[in-house]
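Multiple structures follow.
Look for chain A in each of the two complexes below; its partner is chain B in the first and chain C in the second.
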Partner chain A sequence: MMKEYSVIGKPTPNVDGPAKVTGEAAYTIDMTLPNMLYGKLLRSPYPHAKIISIDISKAEALPGVKAIITGKDTPGGRYGLWRRFRELSDQECLATTKVRYIGDPVAALAATTEEIAEKALDLIEVEYEPLPAVFDPIEAMKEDAPTVHDEFPSNINATRHIEWGDVDEAFAKADYVREDRYVLSPAHPTAMEVHNSLASFDKGTGRLTVWSSTQSPYFLQQGLADALKMREGDIRVIKPHVGGGYGGKNSTMPDSISAALLSMKTGRPVKVVFNRDEEFTATEHRTGQHMAIKIGLKKDGTIVALEIKALTNGGAFTALGATTLYLTGTFGTMPYKIPSYRYDGVRTYTNTVWGTSIRGFGAVPAKFITETQLDRAAHDLGIDPLDIRIKNAVEPGYEAPGQYTFESCAIKPCLEKMKERAKEKWPKLQKDEGIGYAAFAYMSGGIFNWIDTPYAYSSAHVKVNIDGTVDLYTQASDIGQGHNTVAAMICAEELGIGIKDIRLHLGDTAHTYTDLGAWGSRETLMNGNAIKDAAAQVKNKLIEIARLKLGENIAYDLVAKNHRVYLELRPERGLSYYDLVKDAIKANDGVPLTGVGHYTPHNKGMISPAYGMGVLAIKVKVDRETGHVDAKDVLVVHDCGQVINPLGARGQVEGSVHMGLGYGMCEEMPMDQGMVLNPEFVDYKILRTRDMPEIEIIDVPTYEPNGPFGAKEAAEATIAPTAPAFANAVYAAVGAEFYSNVLKPEKVLKAIREAEAKQKANSKAKK
Partner chain B sequence: MKQQLNIVVNGEAYDLFIEPKTLLVQVIRDMLGLKGTHQACDSSSCAACTVVLDGKAVKSCSILALQANGKSVVTVEGLAQGTKLHPIQQAFIDNWAFQCGFCTSGQIMGAKALLDENPNPTREEIQEAMDGHLCRCTGFNMINEAIRDAAKRLQEQKAAESGRVA
Partner chain C sequence: MAYYRCPMCRKICPDHLDLARHYLGQTDKKHKDWLKTQGLSYAKLITDQITEFGNKGYQALADVLKKEAPEVKEI
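Moving on to the complex of A and B:
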């Protein structure tokens, strides 16, 4: 039975709303400091080259130029998100001996105006000796391929193997086996606010403050400490409002490092802002990859074996690519019972800009191949696409050996509900219309600790003041997903007060306890648990005092709700929250009530303590003459546990579907010899308002025992099924098969012609 | 050679001397310090910097400030009356029509120009008018709903005001 909450589950407008709709919300890009300088980076025009010499004399002589640094002027620290295995901390402040991709920074400078800074860049003379370069993962693995990092002579950056059951035996016994190969294009997250940082070095104390457009102040603090060889405690990172992340702002990037170094050199604040071209060519993207998939089924549609292989084009550095590689292997199995499974993933270094964990964290390629192949298998076996998914769907308590366990789990009810609603919603299809389905599950925060933190994964500090107002301090990040609102709601619910009573202090490493940031849909569950823990400590103190004052039988429970603490069974017997707070602070020798809560998942497998899941359907209409596909309608049925804020949860699904549909329809990063060919919004197509179908969302709520108030993720799950559901809809409409994403009209047209030729050949053979 | 720019921004008259190549967005953000107007691209293709110039929505990165000489500009900072939000702003909040908020000022100013011209637009008319506005968070549907909600609020407000006059 669902509990009745006063705050949780109620549609709650964004607490940052007034600031964001009036233009008052300050993003890093809006910030300046007195005496501030403007920094710029000089980037390599070569994908792979030795740096022979850098002559800064002419640039230095330009009036207004205050400092120039090159690789040899940096402290030489290597950094990266994979701090646990230091050899994967493969980035350097500025390239020292060689450049590894087009855009690799070789120098940084600070000047009094942006214009002077730009002019000065042109005056720096760099002599390069171009080296043979490698751009494709298959080429990179060849014996005579150029080496991107000397420490990795094979160019193999990471490998991941997952296996359970006897895969070969299961395939041998299967009634039906199908193998397919795929090539998936890279895509860019394209946050609206570019990467930018403002650094201010305090000459007196030797401490550094950095404001940055980041998803994780903690990660940035660690990255800066490693790169600059400083103590992390001497670095304060502040995250103002952030104009979008989607996975592209987890890594420490050259903007913050250069701003810091230039500020340390000049003693003045320095701001570095990337332009949109730099954003596309030199910041992190969703990795392109080659994939192979083999599935074995019984005649009745039961999956008996699955094998997936992935070869990803990692680019110049690791970032979260190694984790993405692993998660592609695990999300490829969800949400199905796979009795035997084998995954082999290889991530190669190449001389391109590097890939990482963009929204969906490995699930996006995994779901594209598994869901499209499953539809073709269902078609071959004469089984309905939803029925084959229902047949194989996991049940609560399902364990993938050694990998993950689903505790709350309503995938079957979601699929049943989809079957019922799709029939109602789309009773009849017109010619060349089709409906495609894809099922999914996704983590509620990751268990992995590549960052090597000794701290709890999330923590929060709650302070209650004499008037009952609350200060909530936590490092958790709102990057637009609405976590500030969720944080306030969870704190308010636990204390039995309103969100208006809570003042938020988030995303500042100096003033808050650690949280690992916004990635892997982790904040609601992980930070939510920490906040709930902190608030519960305060609440319990109030309850203790109320119990003493009320003098009731200890057998009766007290609850905090609606600014009162009262007997659950006799609500009229209670005391005012405000009075109790005053008493408690007086009883505490005048110290405000505080609670420090934390959360770290324990013994919850390899991936996550909880999984959001569901099924997504798209109806399309295909134009057989032009290959244009119109996405008409989207229907999502999902289980994200107890929804904290229905407005925010819907926003997350809408946004995920938008980005997922872009992956399926139009988003790609063509490269030539390592150069990104479409580094502007004019050429990099993201879907516009006219392209977006309406989305119907149906919740199938569950209670997740590991989440605050039963909540789990709702943020990223629906990106992964969107592109395969779209491809499956085209397949259902016209029989066209796809072995890659980005279903542009020319690709669709070609696939339609192939399908028609196949049908003709089949009917001839039958005759 | 710097030139004189006379411009009214959010009802305030400014008399500035600027380089002729200065863009309107640079005057707004850098000279007047109105940082609510954002820029998300360098190719006039995102519409985050949209402001209302003499009643029309324009991308402030796409015109020279001098082209706005003698004209009146409204930015996102000019919509609220004191502490009272404009109905479009309130509708954006109530409909969760933004997430990161970076493109929001441009969306709101685009919506303002649209609703001034067409007080009761359909979903399709909004899509057409707002098609140049990029957003990476919302998927647009909730923005569209907010604009229709704002239209309703503005009409109700107008009805209430005319009722008062009568």
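Moving on to the complex of A and C:
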């Protein structure tokens, strides 16, 4: 039976909602400082070229231009998120000897207005010597391919291998073996707030303050320290409200570095804001890749072996791409029992803008291929698509050798619930309508430590004041996903008070203990555990005093709830929270009550302490004449443990479905010779609210022992099954098969014609 | 139980295939250069491993390591 909570589990509007909807909430992009300058970057028009010379004299002479820097003016630090392996920290402040993608910054300048800065960019003269370039991962690995980074011959940036069981023997014994090859397109995270930073360097103290639209103040502090060759402690990063990240704002980017360098040079604050074109052409995106998958099953649908190959187009730099590559291998197995598994991933450098860990962190391509292939296999074996998933679904306690263990796990109940609800919801289908399913599981934060942090993965500091109000200090990042509300709810629940009693102090490296930031759906579990720990320390002090004052037997348990501390079994016997706080502070020599909590996962495998999971279904109607697919309805059955904020969880599922459907229907980044061809919203198609189907969400509650109050991931998981469920629905409706995402009408029409031709050929053969 | 040591670093593995997996997972120059001395191409091995199902790339290196990485008697 689930526990009854006072705060948790109650639909709660975001604590910062009123500020956001009234426009009062400050984002970095809104900020100005006295005497501030405007920075701009000059970017390479070539995908690969030597920098022969840069002449800044004409630009320098333009009135209003205050500083110009090129690669030779930078401290020469190399940076990147893979600090644990320094050779993978492969980015430099500004290109020094050569450029590696169209958009690689070669110079930065600061001027008194944006207009002057733009004009000055045109006056910088750069002489390049174009070099042969490579854009495709298969071409990049050839012996005679141009080398993007000299230290990486054949452009092999990272390789990943996972293997357990005797894969070849299992395939040999399988009743049914199927091999498929896929090509998946890159896609952009398209956060509404573009990358932007404001930097202010204090020449007197040698300290730097940077306000930035980032997913992780700590990552940015580390990246800046590496790039600028400064001590981390001399850099203060402040994260105001952030208008979306989706994985694209984990890395340290040239906006913050160039703003910092220009501020150091001028002694004035400098702000750098990317425009939308820069956002598309020179910031991180979901990696495009070639994939191959082989599955072996018994006649009854039991999976006996699985093999996946992923060759990704990494682009010019590593960022989190190497981690994403590994996770594609991990998520390829979830949520199924796979007795024998082999995964190979290779990430190549190419002369394109680099790809990284966009929402779903490797799970999106993995699920597209595994869930569409499983559907084809089920069809061939004459098994219902939900039944084959139920047959192979993992159970609580399942361990993938050396990789991960599921503790709380309701994937089977989710699948069974889906079967029941889908029958009720869609009792009869019309012609050319179909339902597609895809199951999923996703981490609640990552255990891997590529950033090489010596700090706890998450920390929180709670201070209780004399009037009972609470100051909660945390570096955890709310980037629009609602973590501020979740943080306040967890703190309030643990202390037995309300969220209105809590004031949040957020995202400032000078005033908060470290948290690694918002990625991999980590904040609820990891920061939630840290907050709960900090709050519990304070609560225990109050309970200690209450026990003394009540004089009760030590065997009686006391609880903190509804602004009281009382005997759990005799609620009438208790004391006021407010009175206890006063007594506790007096007893503490007048010092407010404090607790510093922290969380780092230990002995929880390689991936994550916990996994959210479930199954998603989409009903579609296909127009056979035009290839247009109408996504009519979405049904999600979801196990995310104890839901902390039902309103927030719903928002996260809806957002993930929106992004996943975009990946399946329309979002792609075609490139030609390294140039992104659709770098604006006119050509980069994302679904609008009115394009979205209705989404029904059913929670199957579980209690996750590693999560705060039993909570786990609820943010990203549902992006991964959406596109494959969509493709499976089209297959169910008209028999068209897809081995790539982005099911545009022309692609659907072609696949329908192919399916019809195949059907005709089969009937002819039968006759 | 037998163990085999990487010719370029102190890593030990229970069999030569596992050692080949370790070897091709390294990104440093030292490991890559040694392959050339054995007449092997790092890119070719990785290409074979990623473009075909099975362990073709690892197996080719494992066959060489059988000669070059003898059994470790003491760990």
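The working rule: the second predicted complex is superposed on the first by the 767 of 767 C-alpha atoms of A that agree within 3 Å, B and C clash if a C-alpha of one lies under 4 Å from a C-alpha of the other, contacts with A are read in each partner's own complex, and residues count from 1 in each chain.
By our rule, contacts are C-beta pairs under 8 Å (C-beta built on N, C-alpha and C of every residue); 3 or more make two chains touch, one makes a residue touch a chain.
From a predicted model like this one, the values you see are computed outputs, not experimental measurements.
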item: Contacts of A:Asp344 with chain B and chain C, given as first, second, both or neither; value: second
item: Which superposed partner A:Val242 touches (first chain B, second chain C, both, neither); value: first
item: Chain B versus chain C as contact partner of A:Glu87, first or second or both or neither; value: second
item: Chain B versus chain C as contact partner of A:Glu151, first or second or both or neither; value: second
item: Larger contact residue set on chain A - chain B or chain C; value: B
item: For the chain B and chain A complex, residues of the former touching the latter; value: 34-38, 40-43, 45-46, 48, 75-77, 79-80, 85, 89-90, 92-96, 98-105, 108, 126-128, 130-144
item: Residues on chain A engaged by chain B in the complex (per definition of touch); value: 13-14, 16-27, 29-30, 189-194, 241-246, 275-277, 479-482, 647-648, 650-651, 654-659, 680-682, 686, 688-690, 692, 694-695
item: Residue numbers on chain A that touch chain C, as the complex places them; value: 85, 87-88, 138, 141-143, 151-154, 156-161, 163, 168, 179, 292, 294, 307, 309-311, 342, 344-346
item: Complex interface listing, chain C residues touching chain A; value: 21, 24-25, 27-29, 32, 41-44, 46-47, 49-51, 53-55, 58
